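Labels for the chains are A, B, C, D and E, by order of writing; each one numbers its residues from 1.
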Amino acid sequence: MDNPSPYWFLVVFGAVALVFPLIPLGLARLWFLVFSPQKPSKEKNAVYECGLESKGDSWLQMKVHYYLYAIVFLIVDVEAVFLIPFAAAYASLPIGAIVAMLFFVLLVAEGLVWAWGRGFLEWK
Amino acid sequence: MLGTGILRGLKETARNVIGSFREKDRLPTVMYPEETVKTKENFRTFPFLVYDGDHAMPGLRCVSCRICEKECPPQCIFIIQERDENNKAVKHPRVFDIDFSVCMQCGICAEVCPFDAIKMDNIYELAGEDRFTGLLVDKHRLAKSNHYYHQIKPTEANEVDGRLAEDKRKAEEAAKAKAAAAAAKAAPPPTAAT
Amino acid sequence: MESAEQLRDRLLAAFPEARVEVLANPAPVAQHSLIIGATHAVQIATLLRDDPDLAFDYASNVTGVDRPDQEIKEKVTVKETVDGEEKEVTKEVTRTEPGYLEAVYHLYSMAKRHGPVILRLRTENRTDKVTLPSLTPVWRSCEFQEREIYDLFGIVFEDHPDLRRLLMWDDFEGHPMRKDYVEPDDYEWEPTPHDAVLIKAKRPADGEEAAPLAP
Amino acid sequence: MTEADEKTIQDLRRSGILLTTLEDLYNWGRSNSVWPLQFGLACCAIEMIAASMSRFDIARFGSEVFRPSPRQADLMIVSGTVTKKMAPQVVRLYNQMPEPKYVIAMGACAISGGPFKQGYNVLKGIDRYIPVDVHIPGCPPRPEALLNGLMELQEKIREQNLTGENRPHHLRSDVSGEFPVPEFGACDLEPPSNPAVWTPPEPIREGL
Amino acid sequence: MIPGVSIEEKTDPLQGQILEVSMGPHHPSTHGVFRMDVKLDGERIVSLKPVFGYLHRNHEKIAEDVSYLGSIPYTDRLDYLCSLTNNWAYCLAVEKLSGFEIPERAEYIRVIVGELTRLVNHTCLMGFFVQDLGAMGTPLMYAFREREKILDLFEGLTGARMMCNYMRFGGVRCDLPVGWIDEVKKVIAAFPRFLDEFESLLTQNEILIARAQGVGVLSKELAINAGITGPCLRASGVGHDLRKVDAYSIYSRFDFKVPIGAHGDCYDRFMIRLLEMRESLKILDQAIAALPSGQIIDPKAKSRGLRPKAGEAYGRIEAPKGELGFYLISEGGPSPYRYRVRPPSLINLTVLEDMCLGGTVADAIATLGSIDIVLGEVDR
């Protein structure tokens, strides 16, 4: 391995990223097996509702109005994903690229301002 | 302008942070096991039986009149009077139990006791594991000397001792007066008889 | 502030066939109360609240009181023919007075700042006829207090917005604040029992015999 | 762990070398970070809050994090009167706590019903349904008494051993940590007490 | 009902279903074991039914078995944040029942400790209220630091921090220890500085203003009709303070003002308590200045074995939470025939649903915090 291929560091990072969480989980699993056994039971896993027996289930339909928040969040989140590579390399980019990205950001911002104006974000 | 209120609040917390290095008042923490808060003299927790002299049982002031047992609101005092061999009541409690797990530390027993036999202590480190025997305190554990009473509550103890001495003196005078009167009554009949 | 008698006359003037009596209170504070019949209670209450110069707009306290049946020993002089001739004889007669449940209302006026008018509503007896008209439609502050009286004494209040047990759990039976209520005894470990607790400690839990008493 | 070993460990520790066993490390970690459940019932709860405030500072014992949900708590401080209407909730909360869990009965009411013992709606002590580790008498006990009780509990945790016969029940697979939740009966809880936990000695009746 | 918020089951799926949840006995923000069965439409509250009884300790049944003197320590445990005003209300009722006169010095001592208790209660409340709004810990730490100073005074005088058991029928149990009054003067002198700090920390805070103003509004008519008393009533604009209305004890000798709010929302209730503490400080200054010497208990008064003649009496005082009343019926026996406590916290909760309907869950927590309930008094 006189000249390691440039992608070798990805493999090392992947291995370390994998091993670091697995060691404590493995130790915890070992600890459960040797010392303190897991004893799940119906009473222990009962739904906690302020000490009472919870009647009725919490899986129910929420108001449809809340999907608007999801959509606005989705748009801004996807925009952030596009911005990350741009932010990493924008120093070496020509001015045209910056203007294009500015145009993209303003477009999404305008959408957000419109939603805010129309009162979609009012918590009715 | 938005935010001035929060800034003013931050100024207050900053004043407290910096002040805690300078003013004693802003750093009130008492490091419990090493240093403890000096409890006031009147502070009361659980009752204890006072005994004079240095032997607990003979010197016990309690004459088991059971007034405190009747007056105790949660009824956590239990007294059985001592009876000597021919079943005559003796002014001494054979059993004097207080259930510390029920006692509400109100001090009414010390207030109503006519013989100043039960006073309020200021011990509070009684955490334990067993409830049944650990917190049912019998008279041997309850009895503490008058000297101890003077240590924990000097002013109250002196006042109580003053009152007891006063009563003893009055009792002796009354006894002397009665003895003198009896002697006077006994003296005249022989003169009248001759 | 008018005295109880003036108030009674005013109420009788307004409702001639209602039952309004004054119950004297011998305590030094002399807060006399008015016994109100159940039929006209709500109208009397609305009159007390809406009358401009009475203006009792604030029901401060609503209390339940349990009066069990009482045996009253009376000396009764009775004419009896004792072996042939007529003779006055005073005889001991024990008459049991029927018990009742009572709801006591203390009314104050915030507008005129004057003192308590005490209304007493009584049920016929303690067993089946225990209903009283609820004054919650007149004063909202009676809502929880009437629910508590229903829970602890058992007075059923008609047209109370939501008459449920306030303090005890819903399927609790019996009314604990009554004088003849016997509470469950879980008195096994009683290291300091005397008088009241001793009686309860010695009482055999339903079925099993008394706690073993050492001689 | 003979006397000599103890002395050598002390000397080594003084010179900066720390020798310990897995058990000591395990118990040292657990005993110094006992997270109490935020569970205030009555007057003793105010003294518990006062103990967590700046003057008595329960944070110096590692317990200032009062967890609202039983899932993240390992100590339940029963501070206040447990009434019969509240008892099923207390036992259900105890069951929902993860396994190494301890109970401090703070105040006369939690130990034995205290001054309200003769009430028809008052449970005469929480140790009728759940095992109690430390009793703190007082009505209410001073905040220092609560800290003293907490130190007593920490001492008890440090002495628990990891293996062997008398290891604590959270390390044994045969002992379940849950206790049956009482139901509301006609005038009392059904069952009035849990015989597995509540074993009172013979009542003293001598001389009655 | 609030327009737009309907309770019957929603048929239109777009509107979502009603979630029934109980903010139950064990809840971080219910000031003890108080339960609210709440129906939620999204985050809006559609119905709120309070459930009581989790701390029902049968105080009134026990009081019928215990002697009159024996009930005094039980009154400490009613509203366990202000034990001395509970004692005062009970002793006032028994004094009305049996007609004892209270010597001057005892009246002044009662006013001093009563107003100190009001300071303790209001500091505790402001700490808990702001903690309910999310200010985790800091204001509560400052509030409890001041409370500890006053508890040290109570410990020096009565022997216990929280359960003082200090007042007797016809006066007080023991006289002021040597040097106690100077300590009180020191604490009172330092108190305005704490109030200024607390005021500048909180009252202008934008978050508190946004969370508390306009939340849980209580109208004046509903407040009077529902029997609301204390700071909650005065925040709605009704100037009803028993210290002025009944002028019981010797409150007529002190000049102090009664702060009255305008909007009846959470912010007003919070500010009213802040202003009331300043008034209490004024009363304390005047009471300490005019403290006479002399007897501390009416010599005719019996505390042990008291058997008042048959009769009944209703005594009420302005406790920090509202009008605390004791209604005693005596048949001449050693213990009262009927012993009733008029709990201000329970009756102030009558309007909790009216204030919270239509608001969000967080506003309900803020409203409950501003009403200031203590479960020992609610459930008795």
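The rule we apply is simple: a contact is a pair of C-beta atoms (placed from the backbone, for glycine too) under 8 Å apart; a residue touches a chain by one contact, two chains touch by 3 or more.
Predicted model, so just to flag it, every value in this text is computed and none were measured.
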{"item": "Chains touching both subunit C and subunit D", "value": "B, E"}
{"item": "Between the pairs A-E and C-E, the one where more C-beta pairs touch", "value": "C-E"}
{"item": "Innermost chain, where centres are averages of C-alpha coordinates", "value": "E"}
{"item": "Euclidean distance of C-alpha centroids - subunit A vs subunit C, Å", "value": "65"}
{"item": "Intercentroid distance (Cα basis), subunit C paired with subunit B, Å", "value": "42"}
{"item": "Averaged-CA centre spacing for the pair subunit E and subunit D, given as whole angstrom", "value": "32"}
{"item": "Multi-partner residues of subunit B (each touching 2 or more other chains)", "value": "28, 73, 75, 99, 102, 104-105, 132"}
{"item": "Residue list for subunit C, restricted to those that touch at least two other chains", "value": "167-169, 176, 189, 191, 193, 196-197"}
{"item": "Subunit D: positions in contact with at least two other chains", "value": "54-55, 85, 89, 93, 115-118, 120-121, 139, 142, 200-201, 206-207"}
{"item": "Touch relationships between chains, expressed as pairs", "value": "A-D, A-E, B-C, B-D, B-E, C-D, C-E, D-E"}
{"item": "Partner subunit C, residues of subunit D touching it in the complex", "value": "84-85, 117-118, 120-121, 124, 128, 184, 186-188, 192-193, 200-201, 203-208"}
{"item": "Contact set on subunit A toward subunit E in their complex", "value": "49-52, 55-56, 58, 60-66, 123"}
{"item": "Residue numbers on subunit E that touch subunit D, as the complex places them", "value": "24-28, 32-33, 53-59, 61-62, 65, 73-74, 77, 80-81, 124, 140-141, 144-145, 147-148, 161-163, 375-376"}
{"item": "Complex contacts: residues of subunit E adjacent to subunit B", "value": "66-67, 69-74, 76, 138, 142, 145, 148, 152, 155-160, 163, 165, 173-174, 177-178, 190, 197, 200-202, 204-209, 303-304"}
{"item": "Residue ranges of subunit B in contact with subunit C within the complex", "value": "69-70, 75-78, 97-99, 102, 132, 136"}
